[in-house]
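These notes concern the structure reproduced below.
Order of writing sets the labels: A, B, C and D. Residues in every chain begin at 1.
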Amino acid sequence: MNDVASVAIGALLAVPALSACGLALLSSYRLTSRINVVSAGATFACAIWLLFDRPAPGQYLFVDDLNIVFVVLSTFVGFTTSAFSASYIGHEIETGKLTPAYMRFYHAMYQSLMFAMNLGLLANNIGLMWVAIELATLTTVLMVGIYRTHEALEAAWKYFILGSVGIALALFGTILVYMSAEPVLGQGYDAMVWTSLMRQAADFSPRLLNVAFVFLMLGYGTKVGLAPMHAWLPDAHAEGPTPISAVLSGLLLNVALYAILRFKMLLAANAAAIAPGPLMVTLGLVSLIFAGFMLYRRDDIKRMFAYSSIEHMGIITFAFGMGGPLANFAGLLHMTMHSLTKSAIFFAVGHIAQVKGTQKIADIRGLTESHPMLGWGLVVGVMAIAGLPPLGIFMSEFLVVSSTFARQPLLAIPLVFGLLVAFGALLTRITGLAFGEPAGGAGKVEASFVPLFAHLSLVLAAGLYLPSHLVAWFQNVARLLG
Amino acid sequence: MGNLSFDIAHLFAGGLVLVSFMLLYQDRMSGLINIFTLHAVVLSLSVGWQAYTQRAWHLFVTAAIALIFKALIIPLSLRRIMVRLRIHRTVEIIGGVGVTMLVGIGLVALSMVVMLRATAAADPLAREDLAFALSVVLLGLLMMVTRRNAVSQVIGFMSLENGLILAAAGAKGMPLVVEISVAFSVLIAFIVIGVFLFRIRERFDTVDVHQLDQFRGEYR
Amino acid sequence: MALIVDLAAQGAQMIVVLALAPLLLGFTRSVKARLLRRRGPSILQPYRDLLRLLRKEVVLADNASWLFRTAPYAIFAATWVAAALVPTFATGLMFSWSADLIAITALLGSARFFLALAGMDVGTSFGGIGSSREAMFASLAEPAMIMIVFIVSLIAGSTQLSVVAAHMLSHLELRVSIGLALIGLVIVAIAENGRIPVDNPATHLELTMVHEAMVLEYSGRHLAVIELAAALKLLMYLSLIACIFFPWGLAPYGAGPRDMAFGAVAYAIKLAVGGFFLALFETSTAKMRVFRVPEFLGAALMLGLLGTLLLFVSRSL
Amino acid sequence: MSIMVVLWSVGALLATSVLAVAMTGRIAASRIVYALCCGVCLLLLGAGVTHLGAVAETAALPLGLPWVGAHFRLDALSAFFLTVINLTGAAASFYAIGYGAHEQHPSRVLPFFPAFLAGMNLVIVADDAFSFLVAWEFMSLSSWALVLAHHHVAENRRAGFVYLTMASFGTLALLMAFGLIAAPSGYAFAAIRAATHSPWKPGLVLALTLLGAGSKAGLVPLHIWLPLAHPAAPSHVSALMSGVMTKVAVYGFVRIVFDLLGPPAWWWSLVVLSLGGVTAVMGVLYALMQHDLKRLLAYHSVENIGIIFIGLGLALAFEAYAMPSAAALSLTAGLLHVFNHSVFKSLLFFGAGAVLTSTGERDMEHLGGLIHRMPQTAFAFLVGCIAISALPPFNGFVSEWLTFQAILLSPQLSSWGLKFLVPAVGGLLALSAALAAACFVKAFGVTFLGRPRSEAAERGRETDRFSLAAMFVFAALCLVAGIAPGLFIDALAPVVKSLVGDRMPAQLGIEWLSIVPIAESRSSYNGLLVFVFIVFSALVAAQIIHRFGSHALRRGPAWDCGYPDPSPATQYTASSFAQPIRRILGGVAFGARERVDMPAPGDARAARLDITIRDRAWDVLYTPIARGVEFGADQLNQLHFLTIRGYLSLVFVALVGLLFVVAAWP
């Protein structure tokens, strides 16, 4: 059976890589967008396969309880986003914002991004993981700049510079981890392989690990979008095509977070090393509160939801920083729910921006009246992202807050404060967007609502009921995370 | 062998830090490019020496890449960009040279403390190497922070990368994949930057990032 | 048999209060006139007034509603019931268990509620003035009354008037709180009955009216009922003061006709004394400005609160 | 299996929501949905009533928190609140069968109304922290959507914002409370009950519960959302929000503090009582100053919540000093008021809704004289007014009377703080009762009596049969609960017994339907006799007068001291009615200010009188908070406009700072 699994893991990488090459050559956007969907779907199918049947860890790639969560999640969101992208991009072509030539580029880049993310998640080697994440950054940079407007270029430039610095810091951290492992595992390849690193982590030099973690936290933290390294995130979300915003928020941030989690586990396994929790908790809280306040002054709808992603990444980082089975479970759940919800919101926002012809919040009003499906979809999405039940994020917030309050009541206060601040901002905005006298374009939406409502119903279902398999799986991962 | 090889490695790595300081000090565009060339040369010497002492022949490739790519091609293209964009003026250093240098010295001290404490168990060569590498990284970052001009920021970034390569070279037995990936990333980084400069050139008269910053997508 | 006696006693009390109320009013008026060196009308004049009003036709404002026509009866009924529940000549009457002091206060509140509504029904400016001022007075008088109830019931351990009277009889003691309660209750009684210095029942001077302003639109039998209710209310307050603070002579529960007769005589004397002091007080003060009244009533409230606090504290010593 | 009935009914309500979405645009939708809601509510009501004295039933579903599951439990307390909720729920649904026809955008009301009902019912039966909070917030969320039903009005949007923000705040406070008392994996209430807590915890939990449940119930100063949101919603929803949802908050408080938290400390009651007293008085004072009928009613809910909390606070005090029978009396008083308030407040909101649909006006200054045009509504509303003013023989009086009786027991408490506080609270309670009467004289007098102040008021028509039926049923209930309170007190006995371990003496055995809280020699009240007495004497008086007096009646112009003015503008208005009380209490309570602009003699300008009234809670609490957030947002917002260099500097500083930490690490 392992052979089939090995094929699946290979296909997980090969399908996007091959499609990327293929799509770069084809020109018809109708065809390419369909191929894009099909190949993303095939990738997702491979991920599902891996869920049930895992290959033995190899030198370069491996599958374990932790990364399979991320793989399934990101291939799923990648798949739905590609479906959304098909209808979104069609509109962009019709309005002439993008030309077919750019379309080839766009789809190729989309698949390269999928490839890079899958590689990053499956890599059994800290160097390989680094390379993959760097590749993912580069592809997204290119996609953010695709509209070639002043703002888009600037956003891409900012993303590129800050991302490069971040990735450089991460590389330094990676080298330091190697250095700390090298005396134990010996020179060479072994000292960079996750499976061997984790086995021997207790014997590594703790001080070196400390320094390494600082660099990794800041480096990959830049990718996660944690404040104060967040600056690239809002602009990149706002200026790129909306499917990319969805992928950025729903996937790329998670991949970077995955890297941090891996290294956190490494540190946690070394008793003498500095506890990684407090640093993550601090950065998480800073991001949460900072983003909460930033939400108030946003007048661009996509930028606002980008800040909301920062906020949620803050919460997730906080939860993982708190550690323990409950908080880790909450963190995982929150991450899953956030990916689904945030991408759903971006699906809605993409269509909204298209029908209204603007991204300015002040120019969009009364959506539930002019476009009920989009409007209520957005309302439900925002309620979900604001952590209201019965939607899924409430469950994770419930666990985060209550477990924090039981263990560290003082930490719960800034946490709750941040949540409330962010809630106030989101509520003000959604009231203005969804209600009141309609304003802005009133044209019909030519959109498929399937991805949007699929995500939202998943989020709703998860808020009410989690299948016991999923729970057992997440609990297992939570225990793994320590 | 021991002492001499150590001294030479020390010399090169220390030299790299020194050159980083020179970069920090330099406020003229052409001077900056020249010094960056020097930086790359010292790096390649350092990496080469590491390759020799570690008997890690693949490191020579890295050294060669550093030498050819960073010491030759990049300075040349930067000069071309300078000419084409008519950037000859001096670069403003935020906070003045004196303060920047002081901060730089502080950073070097910090990296010494951090690294020497952290690597107490490792062999002295690696320790020195890492400490210097960290200094170079921090100084490169400092340079990016204190310069307003895009080209000098790029140079700052590249000196930072040099620090990384120094560290990677110092890490004994680090698999080849890392060097290649570093070179690869530098390559891509440069290409993309080039594309960007080109695009920006296409639309604006300057690559002065400061003017790009005027617009944040939102108005105050 | 006992039931019939009880019923009879209760009925007797109801008729007694109804019969005595105009008399008390007439008595007070005539004493007042005498004090002012006037001869004044006969002591029976209120009866004549009532009869005259009853015989007259009712002139109803065009837009008066059903509420306007039913309110007099509601007011009258509530007041009558309240008055009937206060022990006059005997305690432990049949229905005295059905409402305690708090309920009696609230019953008067119901009467006032309807009166104030009736004042607003026709939609004239004077009616509104009356209702609004009455509401203000009441909003201070009622809490004051409740505080007095607190004092009394804390001393007697009950809010039942019969029990209170019995307790006062058997545990005669001087307490500061009782004094405070007495003063407070007198103030409340003056305000509630619209007597000088709070209101002048004899005036129709526009801006000083309170009670009269509310009933300005009433005429004929409606007015008669309201006037009777007002007289009943005065009687009730005097009975209340008498019953709580001067319970001497009250026939106990299950007493024979002799005790009852004695109680009745004592009650008449108490009423006369009360009426006399009321007249004396009214002739010796001047009416105060409307916005001084809250201070006057506030004093009662404070006295009540003070008395309650003293009791709460002294209980624990 | 009552609990299963409840759960299935909740499911049915949710299904009705879905049905409402599916039927969007159909004309019949409104009637069908409301009729379904009414039926389900009646079913739930039956379940609640029959379960009042029965043994607790539990059920668990594999929903919610995975390793806890969703637990549901129907015990006496739940059954009582189930009754309260669904009584009003059924009436409101029935009322809405008629009222809903006036709705302009039924698609914005119909889907959320059943969901709202479902949410409230779920809160009551939830038996673990997670389900409780989910249901709690679901209830807020669905009612938020209902508040936004008329979203074109900017004021309503603001109301929705304030409402949901406060609701969310409350939920987070409760969440923290549960976080504190939950056993490590025990979010189920049974586990929480069984757990023992370190000494400092319960106090903190009480504070958090007061914040959480108090913000939903409308305790001052957490009440600010209430007068905004309740008027904004359609009237049958207002009736539910005001009459029932605030009670769900009371339920939350009782459940956590009396049931889950274990024995109370003496100082808890201090907090609860002072909050209750202040809330009662401030609520009614604010209400007096309003001239929007629905807002007036909303502020009145604040007052009544205060009265309920006074009862609960007394119960806590007696419980802390081991006086279970007194605690039972206080708790009964509080819970009975819960029931009573839900009845008359819903009735009043129904009436306000009828006025609103008939005239299109909520502002009392534009109403008047409706008693002629809507006599039946006026009658029902009048009953509600009397009941809420705590006047005998209606039900409002009974619960306040019981509260007074409880206060009179408090000298036996041995804490000095309570000795001083309780009488003062008693004074506040009396004050609020008196002011409530004043307020409802104003509400009824200005709205229904006098002459119409606008054309809209002149055109008013009697409302539809469904609405009237709902109102009359509740008016009758006000009377029944007023004259036979023993019935209700006895029904509450198992509830009270389960919470404080004792109950009030059984009332039904007492002759003449009297109620006797402790002993007959202490106090007793008989609503039936008082009622019969009043009716009897009124009839006697009327009979005698009509027999012996004159029958003649003549209609004529009003007398008005000889100066009748035909303009209805000369009538007393709502503001002028409140003027005396505003003068004497307004300055302190809400910084009321009057500015008179009197033109000089000869100047033909109209004179102007401007009155400003401020809700101090805004000034003291919310405006500074809002400013703080704005300030923070403005300050941090500058970080959005940094140059890339600036951002790099942030990263740089963070890096160097962390390296310092690592360098300094031992």
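Everything that follows uses one rule, which is that a contact is a pair of C-beta atoms (placed from the backbone, for glycine too) under 8 Å apart; a residue touches a chain by one contact, two chains touch by 3 or more.
All figures in this text were calculated on a predicted structure; none of them were measured in a lab.
Undergrad: From the centre of chain A, which other chain's Cα mean sits the farthest off?
TA: C
Undergrad: If you average the Cα atoms of chain A and of chain B to get two centres, how far apart are those centres in Å?
TA: Comparing mean C-alpha positions, chain B is 31 Å from chain A.
Undergrad: Can you compute the centre-to-centre distance for chain A and chain D, using the mean CA position of each chain? Integer Å is fine.
TA: Those two chain centres are 44 Å apart.
Undergrad: Nearest whole angstrom, what separates the Cα centre of chain B from the Cα centre of chain C?
TA: Between these chains, centre-to-centre, one finds 99 Å.
Undergrad: Could you grab the centroid distance between chain B and chain D? Build each centroid from C-alpha atoms only and quote it in angstrom.
TA: 68
Undergrad: What parts of chain A, by residue number, touch at least two of the other chains?
TA: Where chain A meets two or more other chains at a single residue, that happens at 157, 161, 165, 169, 207, 210-211.
Undergrad: Enumerate the residues of chain D that touch no fewer than two other chains.
TA: 640, 644, 648, 651, 655, 659, 662
Undergrad: Would you please write down the residue numbers of chain B that are in contact with two or more other chains?
TA: In chain B, residues 114, 117-118, 141, 144, 153, 209, 212-213, 216, 218 touch at least two other chains, as defined above.
Undergrad: Go through the chains and record each pair that touches.
TA: Every touching chain pair, ordered by label, is A-B, A-D, B-D, C-D.
Undergrad: Under the touch definition given earlier, write down the residues of chain D that touch chain B in their complex.
TA: Touching chain B from chain D are residues 640-641, 643-645, 648-649, 651-652, 655-656, 659-660, 662-663.
Undergrad: Where on chain C is chain D touching in the complex?
TA: Those residues of chain C that touch chain D are 14, 54-63, 65-67, 73-74, 76-78, 80-81, 84, 95, 97-100, 102-103, 106-107, 109-110, 112-113, 116-117, 119-129, 131-133, 135-136, 138-143, 145-147, 150, 153-154, 157-160, 163, 204, 206, 216-217, 219-221, 224-225, 290-291, 294, 301, 304-305, 308-309, 311-313, 315-316.
Undergrad: Note which residues of chain A are touching chain B in the complex, please.
TA: 125, 127-128, 130-131, 134, 138, 141-142, 145, 148, 150-151, 153-157, 160-161, 164-165, 167-169, 171-172, 174-176, 178-179, 182-183, 186-189, 191-192, 205, 207-208, 210-211, 235, 238-239, 298-300, 303
Undergrad: If you look only at chain D, which of its residues touch chain A in the complex?
TA: It is residues 62-67, 129-130, 133-135, 137-138, 141, 148, 151-152, 154, 157, 160-161, 164-165, 168-169, 172, 175-176, 178-180, 182, 184, 187, 629-630, 632-634, 636-637, 639-640, 642, 644, 647-648, 650-651, 653-655, 658-659, 661-662, 665 of chain D that touch chain A.
Undergrad: Which chain A residues qualify as touching chain D in the complex?
TA: Within the complex, chain A contacts chain D at residues 157-158, 161-162, 165-166, 169, 207, 210-211, 214-215, 217-218, 222, 228-229, 231-232, 234, 274, 279, 290, 293-294, 296-297, 366, 368-369, 383, 386, 388-390, 394-395, 398-399, 401-406, 409, 412, 416, 419-421, 423-425, 427-428, 431-432, 435-437, 463-466, 468, 471, 475.
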